[in-house]
Every structure is written in structure tokens, then in C-alpha cells.
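Consider the two complexes below, in which chain A is the common component and chain B and chain C are the respective partners.
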Partner chain A sequence: MSTVWGGLALGAIYALVALGYNIVFVSSNVFNFAQAQLLMLGTFIAFWGSVTLKLPTVVVFLLCAVVVGVVAVVEERTAIRLVRGTEGLLVTTVGFATLLDGLTQVIWGGQPLQVPFFGPSKVLDLLSGNVFPVELVLIGVAVVLALGFVAITRGSMLGIALLAVSEDREAALMRGINVRAVAIGAFAAAGVVAGLLGPLIGPKTFAVATLGSSLALKGFVAMAIGGFGSAPGALIGGFAVGLIESESGRYLGESYSTLMIFLALLLVLLLAPNGLFGHARERTV
Partner chain B sequence: MTDPGTVPAARRAPDAAVASESPVPLLSVRDLVAGYGDLRVVWDASFDVRHGQVTALLGRNGAGKTTTLRAIAGLNKLHSGSVTLNGQDLAGVPPHRRIRAGLGMVQENKRVFKRRTVEANLLLGGYSRRVRRRKLKDSLEEIYELFPALRGRAGTPAGQLSGGQQQMLAIGQALMGKPKLLMLDEPSAGLAPAIVGEVMNSVMTLKASGLGILLVEQAVEAAVGVADQITVLDVGRVVMSGPVGSIPDLEIIKDAYFGRGRGRPE
Partner chain C sequence: MDVPALVRRVPSWFLPLVAAVLVALFPLFGVQADVQRQIILICTLALVVSGLNLSLGYAGELALGQAAIFAGGAYVSGYLGAHGHTELLLQLLAAAVASLLIGIITGVPGLRLGSWALAMVSFFLVLLVPDILQLLKEQTGGSFGLSGIQFPTLFGLTLDQEGFYVFVAVCTALWLLMLRNLVTSRHGTAFRTLRESPVLASSLGISVFRMKLSAYAIGALPAGIAGCLFANLDHFISPDSFGFTLSVSILAASILGGSASVYGALIGAAILQLGPLESTSFQQYALVVYGLLLVLGGVLLSNGIAGILDRVRVRAQRRWLPRPRSASFQGERLPAIEGRGLQVEGAVKSFGGVQALQDVSLLAKPGQVTALIGPNGSGKTTLLNMVCGYYRLDGGTIRLGDEPLSSTPYQVARAGVARTFQTPSIPPRLTVAEAVAAGRYASQKASFLSAVLRLPGYRRARNTDVEEARRVLALVGLEDLEHEEAASLPLGTRRLLEVARSLVSRPQVLLLDEAASGLDEDEVERLAVLIRTIRDSGGTVVLVEHNFRLVLSLADHIYVLARGQILAAGSPAEIEVHPEVMTEYLGVKTPAGERLLQTAGQESADD
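Then we have the complex of A and B:
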């Protein structure tokens, strides 16, 4: 059971990456390849705030939210707004991700930095398995964020507006929606959320400059398994990837875990090309 | 290409005569030059839309009708000229604010949000009013009264509606924003004649309620049936403009559509 808890916690992180992809994707049809790097930046800021500056927990969260939120807005203005066409965005968002990878390595070095958890750190015995409190928090946060995302997109005017912008930008504009504000707002929101998660993810993953690329890959797989644009899909996909990674690591050996993840991805894409919860996206030509 | 000069000058009602009917038109377009990027498609177009009246913007494919609508909505570049809505100069006003200022736009090809339900589409139409969802729900009834075919289909994704129902939904969506001016881009395109009649009936109802309507159409008879003013565009220029009564014969408009130089013996 311990590996299940570990897998679920890891899966929660992948789900959070996938949710971040979704927030931006749903509202502006942009796939932000740097989303995982924003989460990584959050863990570094959490380290900087809590270890280097020794700030109180609340201030650390605020610092993470503000810094990562601002970086996300900078990304929107430089790597997204100025670019037209999906192919261009692929290059610029990957470029921004690489930039963040490099910058964090230059500032904090290549060694993993331990981010202390602000809550209790005593191992708990739950359902005959060992679990860290931070792991339970991660699982809970992922579930709550996914449900919140569903509630906003289905139940509020803002949510309807977001979906409208993603379906047809110009038609949304003609309904009086400030499409630019929505796009930048979605980036800011995804950034702030990524920042707030830094102090929660850091204790589990450490703050390390390679975190972004490994999270990006698995978050992407989680999203592809669950279905693009679906929050419940991101959650289920994330948990699936986390569980496959930890269970195959336990029974088949560490070297098999990534292999098995991609095997699962291949299977899902073969049997349900839009993912478990996705829908076909029509394109007009 | 048709030379605008070939239409008899007598057919063109001078702007001054139009403007004298009522002091302030709802929409006033003056010397509009518009196009896509640096490309100019429409030159020096001037016309008005009054409260409770329909101005039909006619012309054949590529005459610049849609470009004119898009320029009024702020979607296309306005090279020069002015667009005034209810006394407010729209120059430099971003498109979404024009909608909030009272512009209702129904784009061509029944442009509804096909993946969203009928109700979500309508609620979205009211987004520009910036009121609570509950208040918007009260307005839904007015739309269902105008378009009974939409009633009972609230939970249906818009993409599953028939073409006529999608057109009604598109109009209903624009009406949810409580516009002062409604712009309709080819509402009859691709619809069965009976449905065209239904759509035009709703245009008459809306006109009677005091709404000003700018109607772009290729179906001349249908448009003339509901219009008060007619402006005919050809190759980007206004070739004829005036009240419906001042144009004695639809054939003249049709000539502007198909061009004089058809190369067919008369």
C-alpha cells in the first residue's frame, strides 16, 4: 500500500501539471510547454523563501504566487502574444521552458535542494501503508483543484466565457468578451496556482533544475491519457501515470517505470485517441 | 468589373435627403474606407441606420458588405471615415467594448458555439450586460417567445440544431446582449425558403420593437421586403442609396448584383 500512496502523490503532481496545461489550453487554445517549469520555479522560490530568507509560511506562499504569476504573465506577453500560429507557439513556449530550466540552474545550481514541509512530517500509517502528510495534502489539493476547475467552467459566466474563447475567439469577441484579458488572466491564474503549489510539491520532489522537463513529460502523458481540456481527465490521467510509475518500479524495476508509462499512453491513444475524457476537436479549414 | 458610374445618378439618393428624416441616426457611417490589413476593400461608404428601421446593405459576392459590417464591429481595419453609434464615435474602441456600447453582431455562417448548449449560447450572448446569471435566465424567455423552435432545446448542443435553428440561436444570442443596433450578415444564406420567411418575420418583429437593424443580404427580395433604406455596394463602392420607395424597380438592384457587362445580348 505504501507504493500506492507514493504513486498517488506522484500522480497528484502530474495531475497538477496537466491541470495547469488545461487552464491555459481551455481558455486560449495554447499548449503551454513551460507550465511544468512554472511549477519547478515555484519549488525554487519556496526553497528561497523558507530556507534562504527564513520567511513565515504564509509569506512564502505569497512570494511564490506573486513571482510565478508574474513570470507567467511575462511568458504570455513575450512568448505567446507576439506569436501567431500553433507551430510558432510550440517553439516559443518550449524556448521559455528551456530559459527557465537554465535560469534556475544558474541561480540555484544543479544539486537538488530540500524544501522543508511546513506541516507535520511524521510518517502516518493509513490503510496498512506508510504515507507522508505532504503526500495526503498533494492528493487532496489535486482533487479539490480539479473539482474547482469543473465547477468554474460549467457553472459560472466566467467559465462559459472561457470555453467560448477557446472554441471561437472572434465569435467570443462579438459577445463582448475581452478576449485578450481572458488569455492573460488564464496565464496569470495558471502561474499563481503553480506558484502556490511550489511549497507543497518541493518537499516531495526537491527543487532541482531537471524537475521541469520530467514533470512536463509526465504531465503531458497524464493529459493525453485523460483527454485534452478535461479536468477530471487530468486528475485520473495523473493518478494513472503516478501509479503505473510506482507499481512498475516496484515489481519490474526502476528502469521499467518510464517505459510502462509510455506503453500505457500508446494503449490509450490506440483505443481512445481523444483520451479517456476528451472529445474530438473539429477544425475548420 | 462594374463601373459605379454606370448606375444612373438619379437613382442615388443624396445623403443629405436621408439625414433630414430624423435628427440623430442610431448608426451613422461616413466615408468609410475599410479592408484587411493594408488591403482596401471598401471605399467611401456612407449610410445610416435609424431606430426602428432596417437598412439593407445589398450587393453581390465580394462587393464589400461583410467587410463593412466587420469594420463597424471593429474586427477589420478602418482606414478612414467614421462610425458613430448613438452619438458615440467608435474610432479606437476595441470590438468587445463596441458590443457593450449596444452593437449586436450576428456573423455569417450561423456562427454559434457548436459544442455548447443552446442555453449556454444564449447566456453567453448576455455576457456583455455584466449582470448576474439569474437575471440573464429571465431574459431567455423573451428569446424563446421570438423563436419558439428553440424552446425545449435548451440542453441541446448548438451543433445538433438544424441550420434554421442555429440561425435563430445566433440572432437570439446577439439579442441577449440587449443591443440598440443589430447587424445581421446574410441570415438567409443556406436556409430553406420557409425558414427564410420565419427569420425575416422575426426581423420585422424586432424592427417594430424599436431596434435598428443593418441587414446584409444577397437574397434581394427577402431583404427588400423588410427594409426601409437600401444601400447597394458594388466592387467596394456605394452605387445606390435611398429609401425603399425611391427605388422603382428591383431589377436595377439586381443589375448591380450581376453587373452590367455580363456580355449577354439584351
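Then we have the complex of A and C:
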């Protein structure tokens, strides 16, 4: 059961990455390759705030939200707004991700940094398995954010505007939706959320410059399993990936865990390319 | 003596070939071993980058896994080399097979989803490299690396450093030559068409999936070959050489050099190899620099350095080497067309709650112009899209002649249904002749291999392409523009070009979607003459059009669609005075129409 808890907690992180992809994807139809790097940046800022500057917890959260939110807006203004075409966006968002990888490495070095958890760190015994409090918090946060995402996109005017922009940018513009504001708002929101998650993810993953690419890929697998644009899908996909990783690591060996996730990805893409909760869109001329 | 004519006769591969021979002969000129080593590294990087260029620059698919495929080729060759199989050609073959396999295994699932899926699936490979090497520790040496790779041999003779250098240079030159042959061939045009618009590509009979997979899998090939060469350079390989940084530097080299070019790969590779990759103090900042390069390159450099050089070349050619006008086309401009009837029966389609088409039936006969008119949103384009296979029918049948029509877009096109689009769709950087010839891609086959090796089959297809393109260009009156850039033409000309492209395959059914919109009066007249010519040669023409006068003067039979249903059908004379049509479509009030509206109002009041 301990590996199950560990797997679910990891899965929650992947679900959070996938949710970040979804926020941006739903609102501007852009696949933001650098989403995981924003989370990674959050863990570094959390380390900087809590260990280097020894700030109080609330201030650390605020600092993370502001810094990562600003970086996300910078990304939208430089690597997204000015670029046309899917391949172009892929290149520039990969570029921005690389830039964040490189910058964090230059500033904080290549060694993993331990981010302390602000809450209790005593191991709990739950359902005959060991679990850290931070792991439970992660699982809870992922579930709450996924549900919140559903509530916003289904139930609010803002959510409907988001969907409208995603469906047809020009038609949304005609309806008086400020498409630019929606796009930049979505990036800012994804950035702020990613920042706020930094102090929660850091204690589980450490702050390390290689975190970004590994989170990016596993978050992508979570999204592929769950279906693009679906928040419950991202959650279930994330948990699935986390469990595959921890269970195959336990029963087959460390070197197999990433390989098994990759196989799962290939299978999903071959058998159900729209994922569990995604839906196919018909092509238009 | 006519110098321009002489210069023009120098083939475009001549200068690169001379350069390649010179570089390959460097050892004879006493070039130092360390310079040779640099050139070998540039060559291997250029090979990997050129594969990415094929998939990214030509087919529009980002493959981030080139570094992993490079590793695959290196380890396969390294394993062979360490076990006494030192023959380079054998190793090259093994590495090529391995890379193709990796390309296909990751390409098939990766291409099932949007374009970022392939990027992610292939990027995942890079993450897997250390794990897989660790799992195959016995064979690969795991994280310690694979050592003991013996000196390579060629036909049984051991290659010394200089021999190996020449081999690498020749290999790279040969691959670039083959790649050049591929991208300048009709397949290259097909790749560009695909990149511009998958919808357009499939309307020309190109299978989008197969074409993307081909580009990605063929792009994996040079990465595997480069791996083989790399393994034999230092006789030692380790996982550190194939990480994330390499993937990003490959992408950066491609963007810098120009993704949509052959020689851009060499330029990009040389700059990165001689610049950043060279200095060890750079390593710390490598990712920062690559990241900046990608963001800036993606925003500012649309076609890389090669693109800039190419623009200079084209300008210089226009200025100093103008093409003489080719003789006008002499043959028959429109040979008889074997049109077939297109029959739609009881077509039903709904999008969510919207009934776009309800029980629509129509028949378009060969040798006739069948017009489809109706207000915006009445379902005209939806119907065309159903015929072309872009939408799936909820009910009803579509038949071409006596056979049911396929519901896969590229197969509809291959069955003989050609179309134009509301907004002309023409790939950039193609000449008018090339853009038109793209319409023949599916009707005459010439394999990739025959294009790469310029075999007789390919030459035949190319000659027919040129001839047929000139034939239809003469027909639509664009013969003079044969060598101009197609995408930069004015709207009216682009519409005529689209008609030419759809005619070049001699389609059995021709669907024209609002072909006259945006044309001036002269152009409309030209189009009308053209449509009559096609009809008189036996073609089946389906015309979706808003220009009521044009429709009345052209059509033999008119169907009027309104709110997804056929409102009326008949000859132009009948439709012109049809009361419902006049009310519904033209907004003209006639006594009969008034009555109709009133009864309709009463009916709805009764409900």
C-alpha cells in the first residue's frame, strides 16, 4: 500500500501538469510545452523563499505565485503571441522550456535541492501503508483543482468564453470576447497555479533542473490517457501514470518504470487516441 | 557568347558536389587531424539535423527524438564493432534498419493525435535511452559506456583515420544528394502541400497519415547512419552523449540553418559545432543559449539562414538570369473527360443539435453543370464536405457512377473527385507549375526510391507532370506565370490556379466551391468560359455559388438548398421564377411567395 500512496502522490503531480496543459489548451488551443517547467520553477522559488530567504510560509506561496505568474505571462508575450502555426509554437515553447531548464541550472546548479514541507512531516499509517502528509495534500489538491476546473468551464460565463475561444477564435472575437485577454489570462492563471503548487511539489520531487522534462512527458501521458481538454481525464490519467510508475518500479525494477509508462502511452494512442474522456472533433474545411 | 544561358545550364547540384569533393579530399591537402575530426562531427550532426528537416521543415511534424535514434544507430553499430563485425557497410545497414524500426514504432502511435503528440512520443525516447541502456547492460555497458569498438573496415580493409574521414564525407554527401532528390521531386511538393494543409493534401489523393509517417521514418534514417559513424569515431560511446541537450541542439541547428532546406542542415550543424559545442566553458550556459535561440529563431527566422540565402539567390536570378519565356503549349488543351455521375441519396447530417442536412438527394450528370445554391448556412459546403469524406454521413448514400463512394478523403480524391476551396489553398514556396502538378500526385505513381535515385519511372512521371501542368495552365490562361511563386499571386489568379490543379488529374467529378467569389467581372467571364469548356468535354461539374446570375447562365440543373433541405430543383428557367426560391433566397416578394409565407406563419401559429 505504501507504493500505492507514493504512486498516487506522484500521479497527482502529473495530473497537475496535465491540468495546466488543459487550462492553456482549452483557452488558446496552444500546447504549452513549458508548462512542466513552470511547475519546476515553482519548486525552485519555494526553495529560495523558504530555505535561502527563510520567509514565512504564506509569503513563500505569494512569492511563487507572483514570480511564476509573471514568467508565464512573459512566455505568452514572447513565445506564443508572436508565433503563427503549430510547428512554430512547438519550437518556441520547447525553446522557452529549455531556457527555463538552463536558467534554473545556472542559478541553482545541477544538484537536487530539498524543499522543506511547511506542514507536519511525520509518516502516517493509512490503510496499512505509509504515507507522508505532503502526499495526501498533493492528492487532495489535484482532486480539488480538477473539480474546480470542471466547475469553471461548465458553469461560469468565463468558462464558456474559454470554450468559445478554443472552438473558434474568430467567432469568439465576433461575439465580443476579448480573445487576447482570455489567452493571456489563461497563461497567467496557469502560471499562478503552477507557482502555488511549487511549495507542495518540491518536498516530494526535490527542486532539480531535470524535473521539467520528465514532468512534461509524464504529464503529457496523463493527458493522453485522460483525453485532451478533460479535467477528470487528466486526474485519472495522472493517477494511472503514477501507479504504473511506482508499481512497475517495485515489481520489475527502477529501470522499467519509465519504459512501462511509455508502453502505456503507445497503447493508448493506438487503441483509444482520444483518451478516456476526450472526444473526436470532425475536420472542417 | 550567351553567359546567362550557360550559367543557367549548370545544374543546381553542381556547386554542392564540387564542394563535397573538395572537402572529401582535405587529407590530400594536408588538413590536420583535429580539423578532420571537427568536420566528421559536423557531418554526423548535419545528418541528424537533415532528418529532422525532412519531418519538421517539409512535412510539418516536430520530431524531438532524433537524439535517441542517433543513440540507437550508435549502439547497434558499436555492439557489432565490439564483437568483431567491423565491416562499415554492414554496420550502416544494421543502423539504418534499427532507426527505421524505431521511427515506425514511435511514428504510428505518435501520428494518431495532434502534431504535439509526435513531438512528445519521440521526445520520450530521449528520456528512455539511459534506462534501456541500463537494462541491456551486458550488451551496452550501461552507464559506463560501450568500449572496445574495433577499427572499422571497408570491404575487409581496415580504415585509418583519414580513410574514415573520407568515408564520412562521402556518406554525408550521398545522403544530402538523396535528400535533395527527394525534396525537389513531386514527393517534396506533396510534403509541402501536407504541411500547408492536410485537408488540401487529402483532396489531392495524398494519404495524410502515410505521408507523415514516411517523412518521420525516412527522417530517422540519417540519424541512425550518423550514429553508426559516431560510434566508429572514438571507438567508445556512453549515454552522456545522447541526452536532452543534444536533442535541443539538433532542433536549434535545424531552426538556425533553415528547416525547409537540404543544405541548411550543414550550415546549422557547422555553426553549432564550431561555436557553442566547441567551448567547454559554454556547457553551463548551453541550455540557456539554445532556449533563446529557439524562441528567437521561431519568432524571427522563418526559414533560417538557408532561407535567407535562397531569397538572395532567387533575386539574383531574377535580376541577372531571367528565364526566357517557354514556347506556348501546342497540344490539345482539354482532351475529352470521362465524367461520371455523382448521386447523393437521402443524405442526413447533424452537428450536435443542429440538423445541417436532412434527407438531401441530388444527381449530377456527366456533361452537365449542376449548381447548388442557397443562403449562407443552408448546408452547401457541408454537402461538398460529405462528398469529399471530411464529414461522416449520419444517413444516406453517395455514389460515383455505379459504385458507392469511399468515405476516406484521399480515396474519394483517388476515385476521381476533385475540388476547389472557398479560400484558395496553395502551399508557399512552390512555382505555379509545381502547385498545379501536385494535383497529379495520386494519379501517376512513382515511388520514393525511384525519385531518390531518379529512375526511369520517376522521370516519366515528372515529364508527364510538367506536360499536363502546362496543358491545364494553357487552358485556364496562366501559361505565362508557370515559373512564378504560386502563393503570392492575386486572389483571382489563385482561384484559376486551383481550378487548373483540380483539372490536371482529369477528374470524373469536379466540385467548385464558390469559385467566382472575389473575382472581378473579367475573371468571372473567364471562369464561365472555362466551366462551359469542361462541361462540353464531358466533365461532371458541381458548382456551389452565390452569384445567381452566373448560376443561371451556366447551370443545366439547379438545386436550391435551404435550412438543410432541398427547397427546389429544376432548370435555370424554372428556378428563376420559382416563388419559394425568390422569397427564401433572393428576398424578392411575389404574390405567390407572400401567400406561402402567410400559410407558413399560420402553420407555426397553429403549433
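Quick note on the criterion: the second predicted complex is superposed on the first by the 282 of 285 C-alpha atoms of A that agree within 3 Å, B and C clash if a C-alpha of one lies under 4 Å from a C-alpha of the other, contacts with A are read in each partner's own complex, and residues count from 1 in each chain.
As a working rule, a residue touches a chain if its C-beta (ideal position, glycine included) is under 8 Å from a C-beta of that chain, and two chains touch if they have at least 3 such contacts.
In this text, all values refer to a predicted model and were calculated from it rather than measured experimentally.
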item	value
When chain B and chain C are modelled together on chain A, clash or fit	clash
Partner contacting more residues of chain A (chain B vs chain C)	C
First, second, both or neither for A:V83, with chain B first and chain C second	second
Which superposed partner A:P56 touches (first chain B, second chain C, both, neither)	neither
First, second, both or neither for A:G129, with chain B first and chain C second	neither
Partner chain(s) touched by A:L266 [first = chain B, second = chain C, both, neither]	second
Partner chain in contact with A:A97 - chain B first, chain C second, else both or neither	second
Which superposed partner A:P120 touches (first chain B, second chain C, both, neither)	neither
Contacts of A:T258 with chain B and chain C, given as first, second, both or neither	second
Touching partner for A:A171 - first (chain B), second (chain C), both, neither	first
Chain C collision site on chain B, chosen from 189-197, 207-215 or 243-251, when both complexes are overlaid on chain A	189-197
Contact residues of chain A, present in both the chain B and the chain C interface	282
Touch list for chain B against partner chain A, complex	73, 75, 94-97, 99-100, 105, 107, 111-116, 120, 123-125, 127-128, 133, 136, 173, 177
Complex interface listing, chain A residues touching chain C	31, 33, 78-79, 82-83, 86-92, 94-103, 105-106, 210, 213-214, 216-217, 220-221, 224, 228, 255-256, 258-259, 262, 265-266, 269-270, 273, 282-285
Residues of chain A touching chain B in the complex	156-157, 160-161, 163-164, 167-168, 170-179, 279, 282
Chain A contact footprint on chain C (complex, rising order)	56, 60-62, 64, 105-106, 108-110, 112-117, 119-121, 123-124, 127-128, 131-132, 134-135, 195, 199, 244, 248, 251, 255, 284-295, 297-299, 351, 381, 384-385, 388, 390-392, 421-422
